[in-house]
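The two complexes that follow have subunit A in common; it is paired with subunit B in the first and with subunit C in the second.
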Partner chain A sequence: MKYSIGGFCDLFLDFCKEVEELRDRLKLDGKLAIIDAKGLTHKELNDLMRYAVFELGARKFKLLNITGQRYIGTRLWAPNMEKLEIEVHGFPGNDLGAFLGGHKIVVYGNAQDGVGNTMDDGEIIVYGRAGDVVAMSMRGGRILIRDDVGYRTAIHMKEYKDKVPVLVIGGTAQDFFGEYMAGGRVVLLGLNLGDKPHRARYIGTGMHGGIMYIRGKVEQWQLGKEVGIVDMDDEDWKFLEKHVGDFCKEFGFDKDEILSGKFLKLKPVTKRPYGKIYAY
Partner chain B sequence: MLEGEFHTYMLPEFIIERRQDRCIRCRVCERQCGFNVHWYDEEMDMMREDEMKCVGCQRCAVMCPTNALIVKPHPGSYKPNANWTRERLQDLKKQSETGGVLLTGSGNDKPYRIYWDHIVLNASQVTNPSIDPLREPMELRTFLGRKQDRLEFKFGEDFEDVEITTELYPNVQIETPIVFSAMSYGAISYQAFKSLAMAASEFGTLFNTGEGGLPKELRKYGKNAIVQCASGRFGVDPEYLNVAAVVEIKIGQGAKPGIGGHLPGEKVTMPISVTRMIPEGTDALSPAPQHDIYSIEDLSMLIYALKEATNYEKPVSVKIAAVHNAAAIASGMVRAGADIIALDGLRGGTGAAPKMIRDNVGIPIELALASVDQRLRDEGIRNKASILVAGGFRCSADVVKAIALGADAVYIGTPALVAMGCTLCQKCHTGICNWGICTQDPYLSRRLNPEIASKKLVNLLRAWSHEIKEMLGGMGINAIESLRGNRDHLRGVGLEDWELEVLGIKGAGE
Partner chain C sequence: MRRSRRVVLPDKDHQACGLFGVIDRSGRRFSGEMAIEAMTSMKVRGNGLGGGFAAYGIYPEYEDYYALHVMFQNWDMEAKHRVDEFIDANFDVVYAEEIPVNPDANVYNPPLFWRYFVSPNKKGEDKKLSDDDYVVKKVMEINTGIENAYVVSSGKNMGVFKGVGFPEDIAEYFMLAEEYKGYMWTAHSRFPTNTPGWWGGAHPFCILDWTVVHNGEISSYGTNKRYLEMFGYYCTLLTDTEVMAYAVDLLMRKQGLPIEIVSKIFAPPMWDIVDIMDEKKKRFYTTLRMNYGPLLINGPWTIIVARHGEMFGITDRIRLRPITSGEKGDMLFVSSEESAIRAVCPELDRVYTPMGGEPVIGRLRSREKEIAKQLSEVE
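The block that comes next holds the complex of A and B.
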């Protein structure tokens, strides 16, 4: 399993060390596990984390020197499991918290592509920016990103009844923001824009569920043809009070100042954007 | 069928002959037809019909207690024309009346060459004996997943105990090289979905959830499930991934390569919306690409995301539509970490696809399979992934030929549907299915009893497995493993040189 032959190189598994060999990377302080991830592959790191949880009973993590390791938090699911808290120091790789099943991840640094990919539950907080496809197909839980995000953020987010994922972004987003959204709540605050407008195009293209709140300037031509601007109501303000409030508490912004800004509420114009294009 | 601003110029597809001397006005036909073809004329005390609505599914003819009904293609015809066929004319009229993209269901019905019908199998005669599977052991058991490059063994003292000392990759054992194709709950009814799960579990093979999720109460069938993670990511939660036998990334589908899917809002009923996690009545949109996969490297990223999510305990399959570069793509997929390559050919079925795509995009599975198997062998990586093939398998001989061409196992979709009652009327996309298979209407779907349908599916698997054993025995082979990629047992009849070359087989008599 460990070594390949015949010119076939496994991109991820070749030359991975076993947990026993990496045991000195892990320090346990009560329920807190501290891992020095310098130079570890994602599999080695995630092996160690799994070992710490299921063999040593760790419930909190402090991951140090994270440099590009993928899938942090992904392999920590078990039925009816206690929620873990994972502190990430450094720069996690792609798919941070992919398929996440309820844990809390806080990143002190920038995150890459695929943060919260198909995440089911839990919370991800990023003290920095994040890359493309943040919250792709997210099903539940909450993601807070302090700065900007990349392309196709919140693509195909979902919701069902009271299971409604939430994404709050402090900065701005790139094109295809909220594409195909089928549910969920997305808040884009534009705090770092000053007087400048958001630059994203095709916002909410193909959107057929969920709600987007955008603070700052957005022109009609930037919106996909499947979304419409609707008036804010009390429910919306209550929602923003709560989640923007938590965002401000986390990152140290002034909630009242942010909420005094102009918010645009976007909703799909129809649940069935493509209902009429077929001949049956 | 058409509702619109025009009086339709289309001809009815079917004609219904009602033998009045047999009709007892029991109105069974009326109740059985979800398309509302039959109705009772009280004044005249007789049954009547609206032929325009008839799809030719034969439900009424089968259920009629006195066999009073004959449903047959409508003899009314335009002037025969080899170029402008009736189908082309009808499609033109339909589009001019609706302005819509032609939508259809089930597999490609166009007369592309079916290579299975041009390949014949070998049998032993004098030089090695054939085997009788009724009285001698015969092995169909198949293992899906990555195989080691080499194995090391430890033998006990008397050489009776043998132990494999090499660490093995996760593999899934199936009792016959036939698994059920991906058909999602949403595309097919709960009853049909459950029937497939029950049959796979009873026979010791796999069913495929498609991308509609796996309802909570059916998760007990997880060890017989291939669960899909597709572009819409419907129903993908950590438990769903972890209860499964295999996780499959769906990139493409033979019936509609390169495009996504729209499960129409009419089919997104309450239970569907629970498993898919989208509001009731919305269109379930599966994007054309997976937006986290724009390259082989990205594919690798998702493969390993799924391996991480399942603790490296399950094989990960990647399914693509068979297209021109399938061999090169498959090589990349194996290198990206796929444990199973699933190929779906030109004749693969669907619950709904644009007709132009279904009928014109992709290549036949026979050619794709042969070229993929050959490419992986040439590159020395064939052992690193199993090959599962889909798209138009009609009988057990097709399965045997596919395995001799290099497949590890075969996906069957349409044969399973036919076993449950389907008659290939190709109206899956309408949401109405008189057989209770491809519908979410409870009135229609409850007529499919999973206890009965799963028995029929098990019967089908048993019959095919027995036939496969007979064919193997005839070739003097007693394990399916010995036939895999054994193209010497195949010969082509009526094929061109290039076709024989792609298939890697000799012509008959050579």
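The block that comes next holds the complex of A and C.
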């Protein structure tokens, strides 16, 4: 038993295979590594990817039969390295691209909870929907989700100087959208709603930095107490032109039609919404 | 396949329990394999300290009899003797046997499990009770009165199989893939945080044919428990989830409330949302809170509740635990993770996540017709 302590074994790590045993799962074609992930645990898959990058020099990945493996794209960073392109076919597990250090991940399927958790740089593109807490604590890079997202999207997203994370969502979001947001830009397009309003409640509760753009119908009662509606200016339209443009190019939507819709710009009313609650 | 026995070190690398439920709405029965495979794909959600399954439609040959699954802690034969006497005195037993198990399965220190197929034999004052109420009363008497004996399952034509281990280990122990066919299965992988990991504390929890699997914790356990005690339900299994099973039995079986209302009792809308409703709705939700406040289930939770003919999945009102639902033809799935559904059914007609507090309901087609008929009669 590899990880045993005092006669006990680790119920997860002890049953993961070593990279050598998994070598036949990996096919290398020049710099492209193709991995059949059927039945692999997340540790086995991520070990294998790390091995392909740092031992075999792979720079592109095609991951097949992904079913619920977590943390894909994490643990693949090194200083001054060429950025990787990772194609995910299937349904990746939670925390896809957590702490992502500049690589690009494209998912052909739906993603689950925690996409881009504390992501630092790079890009995640999802041809489908994603679950709760998308872009949680994200601090750089860009995420494009074609369909809907779940609860607490962009919770505590942040920015610093020129590091400004961007999240574009094609569908709609559920409650606590942009909760405690501290920075970054979030765009919600509502493309699959037709004439129906967004259903999210408590939008921007606790928000104290960054900007949200929402296309489609939202009533005042759906907004948290800490955000206010402000007018769009040229900078905003320039920003949308670029990122919604890229979104449309990626997923094949009509940019002009989307941008002709009505956008709501939301900003926090104060930088310290709870400043008076705590005693010093 | 025989694997070596191992002692597992519980750790906290991963969090949260895993839930899965599947129903074939046409009523076709299928083996436990699908539920087992789905749970295996969510292995990281549990830590090996509890796994279990509920299966509906597995005892067609005894469908008119209550199937009591009784667990005897520490193979306590004194308890077994007392339960035998108790059941003989209060029920007519048509058949009883030790639940067949696979001794080679990878489980540690399993207790003894027996099943009794019984019909009530009511005497004296008890004759006033309905069969169901009588069975609930007798189950409570065994659970509270006979040490080391616990009734883990008490419905007709259904059963709960649970214990300490990963779900696939428990399934192997009870041979669920080989021995049983049901039209509906729910499953649970446990990551116990606040309460002990023991065989009786594994999910699903069951009373009559009601079962509950649960991910999360119930902060309102004390309030809920005291409220249920007023109606004769006693919590003995050292786990918060137990209150859910008794609460649905009280609200849905005894008081006849539909799922749609019960979900509003467990997960009522926030007061600031009630404030902006129209007068009629406002009165409805306020009345519900006044009457059923003590059954508001607080804290982070997702549950799948099942009884014959239907199951529903629901989360707390601000969804602090995940849920995903999928449909493919007659099959309806509810799961903690979409990938677990995809592991057993890659192509889905529809996949979606309901808002917090809104139930996903899977019913037999025959039951749907029955309910539609009832509704039209009311109109």
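By our rule, the second predicted complex is superposed on the first by the 264 of 280 C-alpha atoms of A that agree within 3 Å, B and C clash if a C-alpha of one lies under 4 Å from a C-alpha of the other, contacts with A are read in each partner's own complex, and residues count from 1 in each chain.
Note that a contact is a pair of C-beta atoms (placed from the backbone, for glycine too) under 8 Å apart; a residue touches a chain by one contact, two chains touch by 3 or more.
As the structure is a prediction and not an experimental result, all values here were calculated from the model.
Within the superposed three-chain model, A:Leu26 lies out of touch with both subunit B and subunit C [touch as defined at top]. Of the two partner chains placed around the shared chain by superposition, neither subunit B nor subunit C is touched by A:Leu63.
Of the two partner chains placed by superposition, only subunit B is touched by A:Ile155; subunit C is not.
In the superposed model, A:Tyr180 lies in contact with subunit B only, and not with subunit C.
Within the superposed three-chain model, A:Cys16 lies out of touch with both subunit B and subunit C [touch as defined at top]. Contacts of A:Trp221 after superposition: subunit C is touched, whereas subunit B is not reached. Of the two partner chains, neither subunit B nor subunit C is touched by A:Ile169. Shared contact residues on subunit A (touching subunit B in one structure, subunit C in the other): 1, 4-5, 7-12, 42, 70, 94, 113. Put simply, subunit C touches subunit A in their complex at residues 6-11, 13-14, 41-44, 47-48, 273, 276, 318-319, 322, 324, 337-340, 342-343, 351, 353, 355-356.
Residues 1-2, 94-95, 97-103, 149, 167, 169, 229, 232-234, 236-239, 241-242, 262, 264-265, 273-274, 276-279, 281-285, 287, 291-292, 297, 300-301, 304-306, 308-309, 311, 335-337, 354, 380-381, 384, 429-430 of subunit B are the ones touching subunit A in the complex.
Residue ranges on subunit A touching subunit B, taken from their complex, read 1, 4-12, 42-43, 46, 50, 70-71, 74-75, 77, 79, 94-95, 98-101, 113-114, 117-118, 120, 133, 136-137, 139, 152, 155-156, 158-160, 163, 179-180, 182-183, 206, 208-209, 271-280.
Of all the residues in subunit A, the ones that touch subunit C in their complex are 1, 4-5, 7-12, 14, 41-42, 67-68, 70, 90-94, 110, 112-113, 129, 131-132, 148, 150-151, 174-176, 199, 201, 221.
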